[in-house]
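Heads up: the structure comes next, in structure tokens.
In order of appearance the chains are A, B, C, D and E, and numbering begins at 1 in each one.
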């Protein structure tokens, strides 16, 4: 998970506002357009070659969902803007993948940008991509950077005739898509929660040197997630309060549920962030603890042997007149003295609770 | 106390909203339904086999309290929804035990979710379970995950004819149930407060290595409690401000008292959290302190013996021309020098306050 | 100062709300009731045996002040409730000494709970007790846990005919009593401020091991004071905004002054809390500093003597062919080498600024 | 800069509110009253012996500025109160030098208390004193604790006929005085900013033991300044919003500028506080760093010499059968072994980047 | 990037408000005035010698943009004030380069102050300068401290006939200029983001002593940027809410986009600040880690050699009666004992995971 795309923004320095340049890292080879058209009785789905192919649906009463995978061809986005009358500043936002989640009222439509987080690969790293939605009277346009197909379950529900989704409007479709994205947040949180627990166990029992960079990486990811989840909360809250006729009473109800979910995401993130800073404290404490133990071993060894080595040194001196050297039991006595010293020291350490 | 159930949520990935699946860990074997029906003059109580059994009471003027222990049978929850006209999104909330405390206005009813914390076993660990309430015109439905019977005192008061509770409406019953749950918070806080004091004493006097994980566990629990108590404050505040006719003037008065209690819980939690972070600081300080002492012992021993060992070493040299070795009092003089050095060192340490 | 009475609350688990049970620690032997009755021209004071004794004053136009010392007899509180028409939930608050400061509008009266802090004994420990006030049309009832007579100065002013206090209403009396309580906060802050300064000096110059628990105790006290002073601010602010006719224009003016005082208390507390966390940082820094110094001494001694001890060791070897041992000036040369090494080391340490 | 005068407040314990007692430390010998009276055409200035001397000006249409240096004579303050009709609670605030900055609407006047900070002496310590202002229809009364003449530049501008100040009302004079006080804040900030930079350099390059108390003193001063600057912001903001006719449109404009200045003071203070806590972190880091270096020296010396001293010890043993001792090149070989060990060790340290 | 110009402010101590003195460091040699005049059909650009030269454009219907590089000549600013009727307090703000970003409503104009950050030189240090804008009915005046030509791209767009910019009003020009400034913020953030990553890598792998001052410098820069970006957010927000007719509907739209950008800057800064404090924690942790390793090496060496050196010392004693010395295998046995001790020690260290 790359934590910041501020970098790429600087390519646009000096260009007039509204210039359509893709800012980000290309995540798919070709741009794929999928058009779905449905009403309670009918469902049709096809791949489109260009936005112009979709225009036929624009004026039908049935609901159209255009899903665009891949943002690196500004021409497609531009023709989308022309066909559906979207201001070039919003098209710019779609292409700028460092966009902050936000909602804009287009008058006869709604424009929403958010981040999607998905788990990829076996090591369960999280991948972020930007997803934009445009809600119109009878259509939803969704645009994502890559080709991770997170909306497949929604499409399956659309295909089956008896779900709620076919009989409700495009606002419910938008809700269903956003709900899918937010549901993936929980999977990511789950993985992060497990990583926190693993790190915690490692730190409390037996830690390796590489734990620290991993803690740091975790904190960076939580920071990034927070940066993306907080404004999303405001976005969904704004959807609840908006007075355009686009979102109907029934859907409002579902969006309130979605709002509950995002609040829970934000709450959990805050908890995780607190736990993650706790990890560093545990780390420092356990390093201190270890150092303390190392010091104790050193001190015990040194404190026992330095004095008796001195005794041995004394009787290694070569003075001519050293009466003890001549005593019959001198050597034994020295050993006695040294053993007494060792016992005294050990007693002292036991009293100090070092042993 | 398991701190987060985000895990289990991921099982629902891809399902349409409102799917009734129990999210959580099953805490009781069978689902038990207890129905109480009362008016000022009468009290009746029985075990019911299914929700349908309770339907007879629905249209009586007397007050009905249905208490459900165990949430792992979605069919029961679903029939409850059908009988009492509760939206499937709320049924989903009841079944999702990672729900955040919240209140929803159902139009002709109120829906409240909160957490109950109880002490279990001798080691006084806290167990959390989710409790949901539905308040209607003439009924209260309460649903809990397990079978810990915390509402028994309320039932006792209901049985006796002369308490206030029989003559007041279902709103007062709801208050009495919520008050019981919040009263248990104080017991949990009491246990946590004692654990903080025990840890504090251990850290300040004589700490073992296992103290650190215990401090960490304590902080996790406080974090979880906070996450559950904060939104409850908002819930109870919302109950005070709601303008539905369901909650009467007299009960408002009691709910204000309940609000005071939850504020006190939140305040105490904040204090505990501050004390708990203080614990870590004490821990680090006392580890530093100890290391300092260990170092001092090592330094004193080394500083005294290393120089005199050197003196001994000098006169252990085998040079042919070492005049001192031949002196009559050479050996005595060396001892004199060494003792003088020891005294000087001890004086220095006393000046430095190391002794 | 005991920081939390959450403990005792658990005794009430399972009792219906409004049960009159004294929660706390008994602080006086017998309950003493002092009744004062006054108007601008007259002042009368007596000890009453029971609340019923005071009833005669209730319907007089003159102002009555009933002061109750000792809360451990619920029957007295109950008869007070009956005589003056106070709801049992408020009586419960009076008896629950873990109550958070708050103000309640009784319709024809005001109910205020706050904490009083006084200094006791020579060691100037602070003692906290709960004080409740009930303000009526022509009376003030004050109830305190113990028998510390902090209101004596007010009584003195009442006795003298020419003060402002006799000519103003019961609202001014309430103000005078609360002002007295808040004035004592300043004495407590003064003592705490001095303790912070003493600790600071100890930590910066020469600290003993017992400093740390004292810092911790200080922080606990500040935490408790904060918990009690913050809501008091809201209470006094609410008194300023309340629209009941009980508090007159002139008294409002004085209450605003009281509000200024409590703001100052809160401000000072915040400062003290910041200084107290600074203390811990100083502590850790000075422990580190000391350890650094200890290490330096050890290193200097070891670094000087270990190499020259090695030299001495070399010439203590018993090889048959060691030419130096036979040299005439061998011994002197060895001393020369050793002294040169010492001088080099000392120079190195001076360069490193260790000496 | 003494950081808190809470101490002196306790002298007032038990006195009725509004008692005029000087709380603080006397900063000047005698109280000096300077009266200035001016209109666009005229300027008159004299020293007054008492407030009664100034009464003549009260009813003139021209503007009067009474400046009082020294607060330790309550009688003067009292006669001021009588002459200008100021409530005794405000007189009390003037005398209580631990007052928090505040503004009070006197109905036909404004009462403002703030702190002035000035640099005194060569060592540029900051001195704080309390300054109160009373703004009336045609007068400004300013009262300060000491006799630091910070208002001289304003007086100079008043004396000259062509400045803006003579033609505008007393509200502009009040603004000019307050602006002068706030301008001095910048000088104090400048000095503090330099002290932070000096401390930073000391800590990063070569620190002495006394740095820590200085960092702590700096933080205390910043804390005190913050405590005084924050409420001043609210005071000036309140002056902008007040609807009394005392402050005219033109002056409002200048007060907005003053508001910008105080915001800048508060911002800079916040930055300084952050930098100051950064200082402590640098300190701890550099102590750790140093200790690390000391340890390395010790470890290198010990690790090199302990093993070779052992070798020397081995051949200092007096066994009769030690073949090596008899070898022709035994001594040289031992030296060879020892030098090889030293080289190995040095290589190891180089690899570890300790050298 | 100099972080605070509070210093220079003190030069103004004692001067009346509105005195025009340049506060700051001169950043360019001569003051350069560039005047551009355009309408949809025409574009004219010239260097002007003085403000008076520009007066001719003032009353034309076409749009005039006067750009002033260099603020050190107060006379030019003063004549600007006279020609365009700008209050001397705002002129003072223009000259005071320590000004906080702000917007002021001039009645028939808008006054905006903000900071521009540009990268300069190869080492990519950031340079800050103050930029002020005055927006009038048909003109924009921009003033900057130095001569870094960041507005060249805007000028290029003005020169070309087909851009949007020529056909929109002076409000759009103001937006375009401000947008250019904010776009440069992203370049600065990019460089800072890279520096954080570089520091992080250095700290986690192999750090030098100079890392700490660099971390500190980084934090100072972030603090300064934050101080300048936060109020800018409010400025742009105020521009959105202002009800003067100067800013048209279409431009509002673009300003909302600008607001999004500044929010993103502020968000990113907050993240960077958190990462930067994380850096210090990593630093401390890795210093601790290293010290731990150093200690281990010392302890292993000392613990292995001190005991066996003692053994060697024992048999170096010169007692006459030491039976071992005479044994045939005495010497070999001693070696055996010593090797056994070494092996035991190594086993102990392996068990402790020190090896």
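As a convention for this text, a residue touches a chain if its C-beta (ideal position, glycine included) is under 8 Å from a C-beta of that chain, and two chains touch if they have at least 3 such contacts.
Since the structure is predicted, the reported quantities are computational estimates derived from the model, not experimental observations.
Engineer: Kindly list the shared contact partners of chain A and chain D, in label order.
Structural biologist: Common contact partners of chain A and chain D, which must touch each of the two, are E.
Engineer: Look at both sides of the chain B and chain C contact and report whether the same residue positions are involved, with over half shared, or different ones.
Structural biologist: different
Engineer: For chain D versus chain E, what separation do you get between their C-alpha means, in angstrom?
Structural biologist: 26
Engineer: Could you give the separation in Å between the centres of chain B and chain E, each centre being the mean of its C-alpha atoms?
Structural biologist: One centre to the other, that is 43 Å.
Engineer: Residues touching two or more other chains, restricted to chain D: which are they?
Structural biologist: 284, 288, 291, 295, 298, 302, 306, 309, 313, 316-318, 322
Engineer: So what shape is it, when you link every pair of chains that touch: line, ring, star, complete or other?
Structural biologist: Ring.
Engineer: In the complex of these two chains, what residues of chain E are touching chain D?
Structural biologist: 3-4, 6-7, 9-10, 12-17, 87, 89, 93, 98-100, 102, 206, 209, 212-213, 216, 219-220, 223-224, 227, 280, 283-284, 287-288, 290-291, 294-295, 297-298, 301-302, 305-306, 308-309, 312-313, 315-318, 322, 324-331, 334
Engineer: Under the definition above, what is the set of chain C residues touching chain D in their complex?
Structural biologist: 153, 157, 163-165, 176, 179-180, 183-184, 186-187, 189-190, 193-194, 200, 204, 253-254, 257, 260, 263-264, 267-268, 271, 274-275, 278, 281-282, 284-286, 288-289, 291-292, 295-296, 298-299, 302-303, 306-307, 309-310, 313-314, 316-322, 353-354
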